[in-house]
Amino acid sequence: MKNKKTVLLSIALLLVITPEVVHAMHIMEGFLPAKWAILWSAVTIPFFIIGIKKVSTILKEDTNKKVLLGLAGGFVFVLSALKIPSVTGSSSHPTGVGLGAILFGPTTMTVIGIIVLLFQALLLAHGGLTTLGANGFSMAVAGPFVSYFIYRILKKKNVNMTFTVFFAACIGNLITYVVTAFQLALAFPDPISGFLGSLGKFLTVFAVTQIPLAIVEGLLTSIIYNLLAEY
Amino acid sequence: MIKVESLEFKYEDGTKALDNINIDLNKGKTIGVIGANGSGKSTLFLNMIGILKPNKGCVKYNGSKINYNKKYLREYRRKINIVFQDPEKQLFYSNVYDDVAFPLRNLNIPEDEIKVRVEAALKKVNAYEFKDKPVHFLSYGQKKRVAMAGVLVMDSQVILLDEPTSGLDPHMTKEIKNIIKEIAMEKNIVVSSHDMDLIYDVCDYIYVLRRGQILGEGLAEEVFLKENLLEMALLEKPWLVKIHKILGTPLFKTEEQLFDYGIQKHI
Amino acid sequence: MIKVESLEFKYEDGTKALDNINIDLNKGKTIGVIGANGSGKSTLFLNMIGILKPNKGCVKYNGSKINYNKKYLREYRRKINIVFQDPEKQLFYSNVYDDVAFPLRNLNIPEDEIKVRVEAALKKVNAYEFKDKPVHFLSYGQKKRVAMAGVLVMDSQVILLDEPTSGLDPHMTKEIKNIIKEIAMEKNIVVSSHDMDLIYDVCDYIYVLRRGQILGEGLAEEVFLKENLLEMALLEKPWLVKIHKILGTPLFKTEEQLFDYGIQKHI
Amino acid sequence: MAKFIFAIGPLNIAVLINNLYINISIFFIMAFLTTFVANIPFSKYFRILIIPFGFLAISIITILIGISDVDIFIWSIKIWSKYIGITYQSLEDVLHIIMRVLAAISSTFFLGLTTPLNNIIKVLKKIKIPNLLIELLVLIYRFIFIFLEEANEIYTIQEMKFGYIGFKNSYRSVSLLIKHLFVRVLVKYESMVIALDSKLYDGEFKIGD
């Protein structure tokens, strides 16, 4: 009995800083048909395994880093539970995909990201267990890798750092949204216009919220990056 | 002024954190709120500043219930504010000045006025000398004083202090005690602390909490004489009260009074 | 047993944190290390358990210098260990049992022995009743006790306690005081604290630190009578010493002694 | 273990079999068990349940509405030369989705709201999930709560200092909050490494069976 109460209490705590509006691009529990749920898990698992392997080689050199990974995970979770004001007047959350990829590297973010997605499903009702594969691919694989590569390329070309970080985080966020729209369109092709029609519909509908949010995320990430550089 | 009237606050799971709380800040200039860990002091403070909303009862400001809309709270918080226990969590900037100026900049106050007020606040807590130091080079006691300045700068009428001396060494504790006494000359202070000697010294009126209820209240000199009350609340007597009870010396409010008494006795 | 011999420790930027420190844990069963914030107490503790390596001088265990290789330190830390001040930073599991069992599992001790030792340690700090609660639902005082159990479970000979009562209410402080006294019957304890009353009550021998140097040392009853010493170290007398000085009552070591004295006097 | 299977089983049934009637039953059974048997107030249950429904609403409408040159819809409006409307099939699809979502989400809630992480960890150990992953789960779970509490406190302090009035202030405050949390990650890391050392950590966070 006590445990149920305490779990509920934790949810209550989360609701204080979790918001009235939906978590932007998490495909909710049970939304995807079995075929697609399994397919996306199959796509994501290899990345996850590679991530784990890579992380464990890093950990072999310095086992203390395990705690750092744990701390980073807690940090990313809280980041995604934070409420930020968005242009439409409502509020939303930073996905933390870009910031995480820049701070911890993309492979680490794959591992941490998927674990965080699991806890989000269990504690916050964001996303779900059956959609973990699909969400994992868009948020813990595609987003971080794209963000990180943009960051690396622009950094090498000596582009202004604030812009580099802004662009990396912004595009990372957009990619997440495009991939999700893609996943939804594949699973629910339009009966008349097929996959492409459906993709068009999803991209349009979510663009209303996602494009401003991507810009917000980019701005926010660059401010944080500068604050950290100052420190 | 602020009054709390038959306030009840429940957690999400339905357990009562606060139950039938009545508090009147008019009863003293410096009010003490004491109670064991988990007796509801922090929850009470959060209700008083409008962060948590009571399930029953209310918080009244100047005779009328406070509102929970953004605009009202914004005005309300210019009147009442709080210094939290852990300074590490309250200092966001790496620079002392920017940190203390934070609330004023949020209110769009012109920079030259900000400068005057920030410097005055820093001086009040004896922190002016390290105003240009990076925050992470400050000692714990210094951080604690900067955190205090960060609230004093808003110039609110009522200031809640949550464990103002926790983690401080005896010397620093004394210093904070003096700062509190000084601020109390212009403002109303509410202090919560586990340090009974501090509470006894700086507060004139005391509320004793136990498991979310007010177990007793009264003038400092009265409350701390009630042995049963303190025991039920899992608290202790201040040592000045202890020696009064055990040795039969007169009841002194401060160490200095006892000291003077000691000198006279020897003469 | 452990001795610190003319130890010097410098930070990376070259400032001396500790200078010519000599400490001998044989001098008392429970040793107190007192000093203002930033006087070097924590740095000293970290040197004593071999986390930091001194620039000069050494730490000796049973007459020979300690080594700084991994294997030696692992053995060494089975003999001497530390409870840090902030419990949040030393609890790694959400599950109380797993957390307390952590060091034993690192030593590959069989699970059935672990069970016996974990339960004994939890009982010693009165934490057995909440052993099944997740750590994040424990109160601060409960977390603090779990952290203590996590070190007691190793059954080391010497235990360093860094601010064991900070942030605790008077009742819990008393409880911790009793726990310390109980542990001290079997082990050597070193306590650092800002609470002079606690130090005076539980410690028999005291080292006074100021700016990284030992300013004075001696039996508790002697050190706390040296007014100059305490003043220079920015510390205070325990109140039992204060009334001895001011009122001329005999010097008592504990409140109970004063209490008995008071009763006799009234008869 | 039993509870775990009891939650994961229906979740799989809901998604794999995807039968309308089975899913309705799963939803009611799970909702009943979570609210009544596990004693979670209905109002709270409902509040958590509607969290992801913003996503559901938007996606459902997107699936529901189609565009065509000819009016093949059971209900439609004509804008210029195009018809925008709902087909019978999309209506049926959507009904299936909603029922599947309800069944699935009530099962996951049952797991999330009634099963402590430790029980889940034990199951994961039994099915031979790699150790490193379990260790990370355990650590991240613990640290989530540390940072949540901190974020909550910092947020309150900023709110008391007018940090969330208007856009400019809010952005500044959120960025400061995140930066501050990250700095605290690093500070914690340093002191935790020391604590680990003194706890004889040898590279693995061991967990009992």
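Letters A, B, C and D mark the chains as written, and numbering starts fresh at 1 in each.
Note that in this section contacts are C-beta pairs under 8 Å (C-beta built on N, C-alpha and C of every residue); 3 or more make two chains touch, one makes a residue touch a chain.
Computed from a predicted model, the values in this text were never measured in an experiment.
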If you tally C-beta contacts across C-D and across B-D, the winner is C-D
Note, CA centroid farthest from chain A's centroid sits on chain C
I'd like to verify one number: the distance from the centre of chain C to the centre of chain D, where each centre is the average of its C-alpha atoms, in whole angstrom. 43
What whole-number Å value describes the gap between the mean CA coordinates of chain B and chain C? 29
With chain centres taken as the means of their Cα atoms, state the distance from chain B to chain D in Å. 39
Would you please write down the residue numbers of chain C that are in contact with two or more other chains? 92, 134, 136
Residues of chain A touching 2+ other chains? 3, 8-12, 15, 67, 231
Give me the residue numbers in chain D that touch at least two other chains, ranges are fine. 44, 116, 139, 141-142, 145-146, 149, 176-177, 179, 188, 192, 196, 201-202, 205
Residues of chain C touching chain D in the complex: 46, 49, 51, 73-74, 77-78, 81-82, 84, 86, 88-95, 97-98, 101-103, 105-107, 111, 114, 134-136, 150-151, 154
Of chain C, residues touching chain B in the complex: 35-38, 139-141, 163, 166-174, 194, 196-197, 234-236, 239, 242-243, 245-249, 255, 258-259, 261-262, 265-266
What residues of chain D sit close enough to touch chain C in their complex? 116-118, 138-139, 141-142, 145-146, 149, 188, 191-192, 194-202, 205-209
In the complex formed with chain A, which residues of chain D make contact? 8, 11, 14-16, 18, 38-40, 44, 47-49, 51-56, 58-59, 61-63, 65-68, 72, 87, 89-90, 93, 97, 100-105, 108-109, 111-114, 116, 130, 132-133, 135-137, 139-149, 151-152, 155, 164, 167, 170-172, 174-179, 181-183, 185, 188-189, 192-193, 196, 201-205
Can you list the residues on chain D that touch chain B in the complex? 41, 44, 150, 153-154, 156-163, 165, 169, 176-177, 179-180, 184
